[in-house]
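One chain, chain A, links the two complexes that follow: it is found with chain B in the first and with chain C in the second.
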Partner chain A sequence: MPHYDHYVIIGNGPAGNHTAAILRENDGDAKITIISDENIFFYYKPKLTEYIAGGLTKAELMVPGLSFYREKKIRLRLGQKVDKIDPERKIVFLNHMEKIYYTKLVIASGSGARVLPSMRSYADCLKHITTYNQVMEYKEQIQTAGEFFIFGGDLVGFKFIKMLCKMHKQVTLLIYPNAFWPFNLTEKMQEIIVKNLSRQGADVLVNDDISQIIKKEDTYIVKTVKGVEQQVDLVFSFNGLIPSVEFAKGCGLDIDHGILVNETMQTNVPDIYACGSCAQIYNPKINSYTTSIGWANAVVQGKVTAMNLLGTHRVIESVDYKYFDLEGVEIKTTWWEDIEESSFI
Partner chain B sequence: MKKNVLYSKEEKFFQDKNRIYSAHLIKQIAYSTDSRDFGQVAKSVPCQEACPAKTNIPGYIRCINEKRYGRAYELNRGANILPGVLGRICSRPCELACRHGEPDNGQSVGICHLKRACADLKSPMHRIIEGLYAPTGKIVAVVGSGPAGLAAAHDLAILGHKAVIFETMEMPGGMLMYGIPEFRLPRDLLMLEINNVLRLGVDLKTSQTIGKDFSLQSLQKKYDAVVVATGCMKPRRLGVEGEDFENVFHGLDFMKEINAGKIPHVGKKVVVIGAGFTAVDCARSAIRLGATDVKINIRKTIEYMRIDETEKHEAMVEGIVTHTLVQPSRILGSDKKVSGIEFVRTRLESIDKPPFRISVPIEGSEFIIPCDSVIAALGQTPDVADLSSDLGKMEKENYSTDLDGVFAAGDFVTGASDVICAIAGGRRCAQGVDEYLTGLSRKKKVVRLESHSSTDRPRSYDFIKKVSMNTIDMEGRLQAAINEVETGYGADHAHEESKRCYLCNLKYEIDPLTCIYCSACIDVAPKDCIKMVEVIPINDDGSYGEYQESSKWNRVVSIAIDNHACIRCGQCYAACPMDCISVTKTELVEIDLEE
Partner chain C sequence: MKDIDLVIEICGSAGEGTISAGEILSRFMSGQGFEIMSFDSYPAEIRGFGKCVAHTRLSSNCIYSPGKLVDVLISLNDGHSISQLSTLKKGGILVYDSAPLKPHGEDKSVLGWAEPGTVTYGVPLTMLANRAAGNSRGRNMVALGAVVALFHMDGQSFTQSIQARYAKKKQVIIDANVNSFLEGFNWTKKHIEKTDSISFDGVIMPAGREKLIINGNQLVVRAALDANLKFYAGYPITPATKIMEILSKELPKNGGTLLQTEDEIAAIGAVIGAGFGGVRAMTATSGPGFALMTEFTGLSVMAEVPAVIINSQRGGPSTGIPTKTEQSDFNAAVLGGTGDCPRIVLAPIDTFSCYQATVLGLYLAEKYQTLVVILLDFFLSNSIRNIDIPVKPSQVFLDSNIAPTKAELENYQRYKVTPNGISPRAIPGTPGGIFFSTGLEHDEFGKPDYSDKGHLKMTQKRFDKHSFVLEEAPAPQISDFTGDMADIGVISWGSSAGAAQEAVMLARKDGIDAVSFSSMILSPFPEKALVAFADKCKKILVPELNYSGQFANFAVHIIKRPVERLNYITGRPMASEDILEKMRQM
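For the complex of A and B:
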């Protein structure tokens, strides 16, 4: 009896989808299943800020249509949350108590919004822009709301602030220079950014911290340590990302912040790979593990993962650095880009 | 008449205005020594089984629900002598085992916070209950007044022996007094609970060091038995160059200095090495000493840290960063002063025997972090050299040593563990001493079975969110280093959290003789806990094994409730048209053998 692999991919982002596509190109017989806890097809996550501001239609947000999965015979299971993994028996347990058997497993579950430890007690008051579901929950509210309080400072946050300013919303930004993600802001950088954002209409607070957030009917009162008190319609937190790997904990996989993998994207457990922003990849050049985020890195990691699953030894390499302008400050990253020209396969 | 599943038996009783005492109100109670009942309790009440002291957790949580805080405190005290202390600093193995924390069930119950609540909320006039035995005339020396020594002394006093504790420090409590920072454990509370032990007639001799002020041999001559419970006080060393510099502290020594009222100079940048509670305590204490950049450095990853989620969270709130997969290779500095530390990066590898993940240094990956001080909190070992080389082999089962009449307990025997393990060890050691002195086994464990007429909780309780513990803000923490960070549950919070306990000590059973196999119970059960079975195997420990289910009616011998999977929602009990589901309260209790 012929033996067919069942590749199960947890995650419907660029890493997971590119793994699936390469696997299908090279293994026509294998069963491929993508599991996603979101109820939407593959979409451009970096474009969520544009979508939320009404600059894009839902169709423009999507990457391929359903036909892609049909053509490639890839089983897509949406809105299904993974509870845990049993590597011994090669089973993925879904939240609705279904078991899915795999021969090879790829974890490409991405990352979620990081809530600062000091802000966890206000988690119910905070909004993030990391998933489509979150955006759908308050897209309309953003259109009608007048005043916003934003704190932290990652690049998605800055893009969002610019959008809000264009929409003539009243925005207050509290910058955490030490929590500015993925690096710390120097005083000089902060000065330039504050100047540029102020010119666009944002009210920028520095060297301060939130002391309390109180929900009052449909609004929030934000109080700071230095005595600023503002009543706003929505409070957003932009403090970077954390890998979404809760379901993988305790199953024997080595997990630090993300799932630890070697240069070939393989975890410490046989037949389990991880890629995308949920993975921490060993980099022999610096003898340490690093997380590479962003669309371009996820695509490359997905491809390398697939090639290694297929038996072709490939070592991951970082994509090229690019420079971009952040409110007058030149930032060099491998990952920040607006993916206007990106295509799927 | 439909059964009332929402009210407890007491509530129901008092609601009946025309009540008359009659036979049906008198509960049937039985005491069992059947291994199946022990097995059932062990498997079905996982929190109690996970607790080294076997605390009756569902019992005391139910008392909190009924606002009987004093009774809840005494139920705790029956297993561990320091409920208020443990309610603050326990390592919480029970919460890891709590069924509410299993996948799809939400978060585990805040058992430890509830333990603290019963200590905080009980009446100030609360009456301590102790069942004292007649005096035996025997005197036992206990060396060390840490949790194991206190527990041993307490139980020995209860059993009628005179206990005399020798403590090397000025104050009693051992690690509790000198190892744990005051912002986690207020000293007035610690002393209150220690005094509850001393009130039983236990003598305490402080500033008495073994090997200096007295010897083990002298104790052997003077006392009928000796319990050595000196704990683990010898710090593990880093074993790297520069370890003897002035600003290099060992974790426990550092905490001892702070807890003795001294203010060690740590500077602004502090590097802590270690993955346990002491490492986090040191890091948090350094913040209170004025450090602004504190990093905890660990060889493995965060999931291998031997601390609970609360500690991880509080450390992060206080701005402490955890630096993973690193190992110190040398400490840099000049004139005996630290200027930095060199680390080598590590990666995890497997070893087969025993199967374990170890950290392995990566060659050529050295890097340097500038710092003002280094705190090495790598744990401690027992200082056997201070005692007697004659102590010989120590039996972990009955706590005896090679020396006649000399017993040992707590971390001194097991190596560094946690407070609840030390208390459990101290109590078992006292049992061993008592048997040695009297030649009798005076107590035994049995399972108390009591018929119960209600489920004590509605299904809606399953969806209550965990009540989080309030803490003081950062300003308050830095205002005075002794300010307790956690503020405790108020009565409302405690009551709300108590509702979340599944009350796993209630055993649900279907009577196969009255069951009509209608499946109504299966239809309403939210979990896969009611099964059509053909065999229920019994494990060696007496617990039920995995139910062998069958979908073929001719093979089904019973519809049975798997109490290991059951979340005690009461849906089946309410739905059964034949009243064939019974609820029995099961409790592990200790009884006197001679009575």
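For the complex of A and C:
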């Protein structure tokens, strides 16, 4: 009796899709399933800020390749949430009580917005830009709103601020130095950033913290420790990302922030791999695990995962050092890639 | 006011209350002032398994067809609903049971097959039904509660609709249904984050005239009783059984008699016997039964005895597909049987015209002393509409027999040749009105006559009579031409006519200069009107629900030019979307 693999990929981002593409190229018989809790086709997540500001159409947000899934017989299960994994029986349990049997599992579930512990009580007041559905909820509000309060300061946040300034919105940014993970913001860097953002029209607050956020009808009153009080239409939090791996906890997988994998993207559990921003990859040079972000990294990791699944030994190598311009501060990194270099399926 | 035009399907297994839920939804929407068209599809087997679908289109405007694609699919059964997903519109809404008793096996969950972009709402139907009534029977009501909450319908009025639906049941059953509905309603309001744009908020339909919520079979019965039907003989067969079932209760109350015969041959024999005796009589059947009745239909024409057969078509030939709709008995109805046998054939084009066709059929059969076949189909028989209450027929339609005068009775010729072919008919027992009656060819007195001249004369008489029927038949429905010539003319009949009319309206919005033609009377056919219509159309399209294009072949013979054909035998009613698509390709 012929035996066909069933590759189940959790995640519909660049890592998951590139894993699927390579698997299909090299294994025509296998069953391939992609599962995602987002009910939307593969899209450029880094372009959400442009989309939210009205600079892109929905079609431009999407990664071309809709027909790819049909032609390549890749089953897309969108809008379907994974509840848990049973590695012993090789079953993925979906939230709607369906069981999916796999022979090889790839976890490429990406990451979600990080909410600072001190801000959890204000979670209902905070907005993030990490998924399409979140964006759709307040896309129209952004167009009509006049005043914004933003705290944190990760890459997406800076992009968003620049766009709001271009749209002539009133923006106040409270910089949180620890939002700049994976590097620390120095005083000097902060000075340059403040100068550049102020030139663009944003009010920048530093060395302060939020003491209270009060919802008042359709607006929010933000109070800081140093006594600043502002009434704004929307409050955004940009404090980095955390891997979306809740469903994988307790099944025997080694998890720190993300799922721990070796240089071949393999987890500690046989036949389960992880890649993209949900994975923490072992780096022998520093003898530790690091998390990567960025589209290009995810693509490379997806490809390496697929090759290893197919039995071709490949070791992940981080992409070359790049210099990233963060509001005038040049940052040297191996992880941050410009999305324009994204590859297409 | 914003327009509402929605197609909602409830899909479940037989015995899960799928059809009841659809009926309650339809009645509620009708009560709110919306136009409704709904029909059910169910398995041929009596109960216990098989897929059931309750399909409802509701609109704030006129409805002509049931709608092919679905805006909202409510799944009461994952296994059956998976195949039903193909009818869901892109970006449509799926409501499913998010907490079934047992986990689904791989690929056995309807959500697992939902197309990307489908708006999905998981509601714990089984769990809430159990909570409401201690068992899962109320899942259908929980689902209705969820839909009412999701789309911001009037929950209180809906509760009253449920109470009305089960008013004759025990209080415990009413309570179980209402409680299940409220569980679904309240749970959805609390837990579901709405992401679709359908909302009945602020939609208030103007109070209109009182409507009758009824299907074609029920309307046939109503019409028959209103038109003085006094005898019915029949043998049960889907989809016509309901006519007999209702008449078995109602006909005796109206001074009539119902006879369940051993088969369809006996039924038509009894109907012809009753007709001979001067009583308005009819039978109802479907394809297989109609085939048997052919044994007797020639007698009705030859002996000039009134008889009415309702043939509700289903998938054929033979036993075929009992619970699916088709229009494949056209040839059998218009041309079937032996000899030169002119008969009247009527085909209602919508639910309302089932009433008109039945009244007219009984009238014409009696007046023209002949066979009348009324072609319904599964869809017309079972689809429910809310219509204006029909006006009862005038006295003229209640007694149309042309009786002989005293002078005519002196030397009574039962089959006398007259200018319009109608011979005065003496009802047995009429003094001086004794006559021969036989299936053999006969002379004007009714005595057998096998001569060539006699046969020609009497055949001619029967055909002449037949041609006069057109003078009393309703004129074809022809949409207005916008210029001298239309690009496309759509010729349709029976239940496909509504979809054709709607397709023409949609095509015009698309910039296609299209017109439509449909005739309730198929035999004799208004040939002159059809030729005049076709002459003003550059291209002709004939959509119908049979494989071989039976009506198209018939029309080609009349207009003497080729036509485009659109033939479906999917078991589903004709869809305006398909006709429109075909027009775009022409």
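By definition in this document, the second predicted complex is superposed on the first by the 336 of 345 C-alpha atoms of A that agree within 3 Å, B and C clash if a C-alpha of one lies under 4 Å from a C-alpha of the other, contacts with A are read in each partner's own complex, and residues count from 1 in each chain.
What we mean here is this: contacts are C-beta pairs under 8 Å (C-beta built on N, C-alpha and C of every residue); 3 or more make two chains touch, one makes a residue touch a chain.
Being a predicted model, the structure only gives us computed values, none of them experimental.
Once chain A is used to superpose the two complexes, chain B occupies space that clashes with chain C.
Of the two partner chains, chain B is the only one that A:Ser121 touches; chain C does not reach it.
Comparing chain C and chain B on the residues of chain A they touch gives the larger count to B.
Shared-chain residue A:Asp256: touches chain B; no touch with chain C. By the touch criterion stated above, A:Leu78 is placed in contact with chain C alone, chain B being left untouched.
After overlaying the two complexes on the shared chain, residue contacts for A:Ile40 are found with chain C alone; chain B is out of touch.
In the overlay built on the shared chain, the residue A:Phe93 is in contact with chain B and with chain C.
Shared-chain residue A:Tyr289: touches chain B; no touch with chain C. In the superposed model, A:Pro270 lies in contact with neither chain B nor chain C.
In the superposition on chain A, A:Ser211 makes contact with chain B only, not with chain C. It is stretch 135-143 of chain C, out of 135-143, 225-233 or 243-251, that runs into chain B when the two complexes are superposed.
Comparing the two interfaces of chain A, the one with chain B and the one with chain C have residues 93, 95, 97 in common.
Taken together, the chain C residues at the contact with chain A in this complex read 96, 98-100, 103-109, 111-112, 114, 116-120, 122, 195. Per the touch definition, chain A reaches chain C in the complex via residues 39-41, 76-80, 93-101, 133. Residues of chain A touching chain B in their complex: 83-84, 93, 95, 97, 117-118, 120-121, 211, 249-250, 254-257, 260, 268, 282, 286-289.
Those residues of chain B that touch chain A in the complex are listed here as 103-104, 301-303, 313, 316-317, 324-325, 345, 347-348, 350, 357, 362, 364-365, 468, 473-474, 528.
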